[in-house]
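In what follows, chain A forms one complex with chain B and a second complex with chain C.
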Partner chain A sequence: MAIDTKPASKSAAPSPEKTRREVNILAGFGHAFLAVWALLIIAPLIWTFLASFKSNEEIFGDAWTMPGALRLDNWTRAWSEAHVGQYFLNSVFVVALSTAGTMLLGAMAAYVLARYSFWGNRIIYYLFVSGLAFPVFLALVPLFFVVRNLGLLNSYLGLILVYIAYSLPFTVFFLAAFFKSLPNSVAEAATMDGASHTRLFFQVMMPMARSGLISITIFNVIGQWNQYLLPLALLQGEGAEDKWVLTQGIANISTSAGFDADWGGLFAALTMAILPMIVIYAIFQRQIQSGLTSGAVK
Partner chain B sequence: MRHGKYPFVIGFLAAPVTIYVVFVIAPYAQAFYMALTNWRGLSPGKFVGLENFQRLFTNDDAFWKALQHHGILLLALPLITIIIALFLAFMLNVGGGSQKGIMTGVWGSKFYRVVFFLPQVLAVAILGVLFQAIYRPDGSGMINSLITKAGLEPIGFLIEPKIALWSIIAVLVWQAVGFYVVLFSAGMSNIPKDIYEAAMLDGATRMSMFFRVTLPLLWDTLQVAWVYLGIAAFDAFAIVQTLSVDQGGPDGSTTVIGMEIYRNAFTYSKYGYASAMGVALFFLTITFAALSLRVSRRESVEM
Partner chain C sequence: MATVTYAKASRVYPGTERPAVNELQLDIADGEFLVLVGPSGCGKSTSLRMLAGLEDVDGGQILIDGRDVTHLPPKARDIAMVFQNYALYPHMSVYENMAFALKLRKTSKAEIDRRVKEAAGLLQLEEYLSRKPKALSGGQRQRVAMGRAIVREPQVFLMDEPLSNLDAKLRVQTRSQIASLQAKLGITTVYVTHDQVEAMTMGHRVAVMLDGNLQQVDTPRALYDTPKNVFVAGFMGSPAMNLKTVSLVDGGADFAGIVLPLTREQIEAARTGGDKVTVGFRPEDTDIVAASEGGLPIVVELVEDLGSDANVYGHAEIGGTSERFVVRTDRRHMPNMGETIYVKPRPDKIHLFNAQTTDRI
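And now, the complex of A and B:
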């Protein structure tokens, strides 16, 4: 995406006068639109952040006033009473394990499917890839009963296994293509040196596939972190509230905040859910952009 | 390869394939059978043939409303998102005009790209809650505060059945645009610079450059965007569930198939019926994907 800035010697269009005027109008309009769109993205987020310090009266008053005081107790209430802290940690726990599992199992399957020929290779590959074509809603009801019959309803193990299962199609699809593109020579050299298949995979191929693995890890972390339907369907029943992940917790707070009339707490909770993502995005924005778009660019 | 290939292959495939078959393949397969039963969770369901589908298409207002909404989403979401994203991407990559013959983006391009993409990392469920506050129907809502200050009547973004769906589409567009700006930017940077240069020398205006050079050469990327957004238009569950009044309301004016599946399964325990909706949704998605790939393939430009 690098923009070439080195000056070229050629001069441009035949009628510079006309072109310049046209450029000015378009550039003016374009600039304005860019700025407006940026404002449309930023304003709601800043507004939410400010509202997290407001009292109920201020929130129900004029929306565009600054908070009268820095009410940090909104944040304390959201963290402890509305359990945002706990939901946050739940999400971290689930996504850490499920992404790790997805990457390990997905890379193993993709590697074997990409680099070994054996009977049934293509069948298994297309079995995985076909998963990309099915909407999750088609499976929702039977999935609920599969998980329940295994006794995994309302458990993290069930949710993590389901996350892994539904992340595998894309992970396998992408990584198989990646493993295929790796050179044979290194693998052959390692085999000559007596490396076993397993060692070859973990110590030679995995490090070589690092850039692809990073892209898909980011893709999976964000996808699983933002997942809403699956936890909603699978974490229900007695005591489920303690296990909820962040998206569920936040979605539910909006209902309960209405009952408790704790709007400051709601905005504090929203800010807590949004802010870490913005910070992480600000740090890794280049990797995140390429990770999330990697599927489409392929 | 050397000895022990099969134990290794089986060892590496056993866990992923097992998990995948149990939690993905088996449910998908079961859904097609379940859709033909009247199972409601307690007694074993009876096989009723296509009765569920008959009811679905002749006697279910909510489902028809949901279908219509998917129709609107399918047209509006890709169209609006792609137009905005194309324009923004064009500005960011070529809009700066020619710096002595080379096309550059406008000032601040990098900053804009980072900001535009930001909503992509936020969960739709969280955005739903956020936009409830933005859309609030009185002066305490972020938008209506400005509207009332201008002396106008506040707008019931979510409680007015005629505009509720559009309010939801606006959020989806708001979130999606940045992704496609990045996608189109990548596509535009692949267009050889000398094509622009040649067009400039021929006296092409910016407008004709966009329509004659950028757009045709970006066709493959546009096709990908169209399919992605179209598939997204068949979902929209999370945003409807968290943002709309009464989960699909007011009066069913924002409901989507995903919402109806969830409601029929987990509120009414009509598992067979919900599965039938899932099957209908599957065929809709597949038909859309196949059609759009077919239609757009013919027109791509050879480079």
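And now, the complex of A and C:
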């Protein structure tokens, strides 16, 4: 026997069709907008990639033509003659150490500021956050003298410390909000289980903040990888050319040759700089998404 | 195994005047299951957290097994706690969740394994040991939280509303499981809940709190039969006791012309609170009588058929105001809505309270 599920009296429900159509139109606009945006981002990347195989004539010719041949010598020239290979490794070295330092210090500072109340907590937090308002240009000259007086000019240590200092404000700002959103009772449970503050941080809270940590790590890697002004100011003097990072090396290709620039080599070097970031982003894309949203809503 | 003593323990949150817990004096026996119950904000959770060491104690002492733990950190107190939202470590498997505390105590691997397996067997969690908490149902997570406490073999269990996130049926089932588990392990347990049914069914003794003050602590039966004041009388039992403050007249309490007879001693005691008295009777301690027998005329508004019996909600005019009443009837005498029934409280089951102090007479 069928079960009678009809309500006792019939009520007029609003037709669902109309609302569904409205949603469809809105979603359509949204998708069109996203498609245009994606095109704006992707097209120059593809153009750069294709240009890395072109000759100078082709580059200054019609932008829509494909490279006449697969000129891999652009890449080899950039890698060895323009020393991009060396600069690439320099960049990896600097960014690896500075990101590691930023994350360690930033996570610890953010955790304490977010979860322990003590006198001066807010002041320290706002000091960090106020660092967000400082453009690099504004502090460049005093920064140069500070680093020089410390004897750290033209050294990786100096550059790494400055990178860390410049990355900490946003890292602390982002992670403090993230650590605040983690449930308090889990920390209490670990305390009752006998965990010390250090163990609580490294074995319970850090793993719980994983998605946030990954997001901000990627953010810092990209930011520090693309840094040009700071190394330009801080890596100068005797033998500085060997210490250059990737951005300086690429800039050098376009400036050193004057009117006779090696454009194909330049685009090959650019592609080499861009690719690792795209790969990293693609690998961690899921974590980045969950990290960006979970800190905001929860 | 241990006793727990709150010796005039107080907690005042910074920036507030009124203490959240006010000079709590409570002795809990070895192996006892004590339930702290009260409405939200009454200080029951704060009391538990003071015992856990998660909350500072601003006055008095807390003793576990005679040892002063008032200012010791949680890990030095040898206690385990089950949290309301379970507070499992999301990145660890069920096994690791239970083993975490033992690992920190540098327990040997074999011993950890033995204890975790034993607790898992006790809680029917064997097949889930390798799962992460997010792959478990609410009831399973609750059992993991219990298991994490059990493997510690602590002196005292603390439970902070551990059932409030479960659905009604599972809650009733888990309620009896926890009670029997506690009986089997014999570990002193302090259990916080806002649900008076949980308190009545689980506790060896129940401590009722209101506004940071302990109102009464006694066995569930004694709380139900002889509540010490109006608050306890109204809080314990569902539906709640009918409590009405009415005028005292010669010979008894005046319910709109119907006089509830009281003894001379009762009237004299009530006089100390003015010319009013608070009368209480439980819904089940009433009889529905014929109109001629002089019961309270109650107009029926709602009948809740519970299957086994029925709760009848209605109102009566007393001294110009409409007062609400609840009575319990068996199903054979279920009245209809709008009907007037005549209700007589059983004289030996009446609770009297001083109208001013609200204390029991």
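Throughout what follows, the second predicted complex is superposed on the first by the 185 of 298 C-alpha atoms of A that agree within 3 Å, B and C clash if a C-alpha of one lies under 4 Å from a C-alpha of the other, contacts with A are read in each partner's own complex, and residues count from 1 in each chain.
Going forward, a contact is a pair of C-beta atoms (placed from the backbone, for glycine too) under 8 Å apart; a residue touches a chain by one contact, two chains touch by 3 or more.
All of these numbers come straight from a predicted model, not from anything done at the bench.
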Greater residue coverage of chain A in the superposed arrangement, chain B or chain C: B
First, second, both or neither for A:Leu266, with chain B first and chain C second: first
Partner chain in contact with A:Pro44 - chain B first, chain C second, else both or neither: first
Touched partner set for A:Phe144, first chain B, second chain C, both or neither: first
First (chain B), second (chain C), both or neither touched by A:Ile124: first
Which superposed partner A:Thr191 touches (first chain B, second chain C, both, neither): both
Partner chain in contact with A:Pro183 - chain B first, chain C second, else both or neither: second
Partner chain in contact with A:Val112 - chain B first, chain C second, else both or neither: first
Shared chain A surface residues [contacts with chain B and with chain C]: 191
Of all residues in chain B, those that touch chain A in their complex: 1-2, 4-6, 8-9, 12-13, 15-17, 19-28, 30-31, 34, 84, 87-88, 91-93, 95-102, 104-106, 108-109, 111-126, 128-134, 136, 139-142, 144-146, 149, 174, 177-179, 182-183, 185-186, 189, 193, 197, 200-201, 203-207, 224-225, 228, 234-235, 237-238, 241-242, 257-258, 261-262, 265-266, 271, 274-275, 277-279, 281-282, 285-286, 289
Chain A partner contacts - residues on chain C that touch it in the complex: 52-54, 73-75, 79-81, 83-85, 87-91, 100-101, 104-105, 148, 152
In the complex with chain B, residue positions of chain A that touch it: 1-15, 19, 22-23, 26-27, 30-31, 33-34, 37-38, 40-44, 47-48, 51, 59-64, 105-106, 108-109, 111-113, 116, 118, 124, 127-128, 131, 133-135, 137-147, 150, 161-162, 164-166, 168-169, 172, 191, 196-198, 201, 222, 225-226, 228-229, 232-233, 236, 246-248, 250-251, 253-254, 266-267, 270, 273-274, 277-278, 280-282, 285, 288-289, 292-293, 296-297
Contact footprint of chain C on chain A as seen in their complex: 183, 185-186, 188-195, 199, 204, 207-208, 210
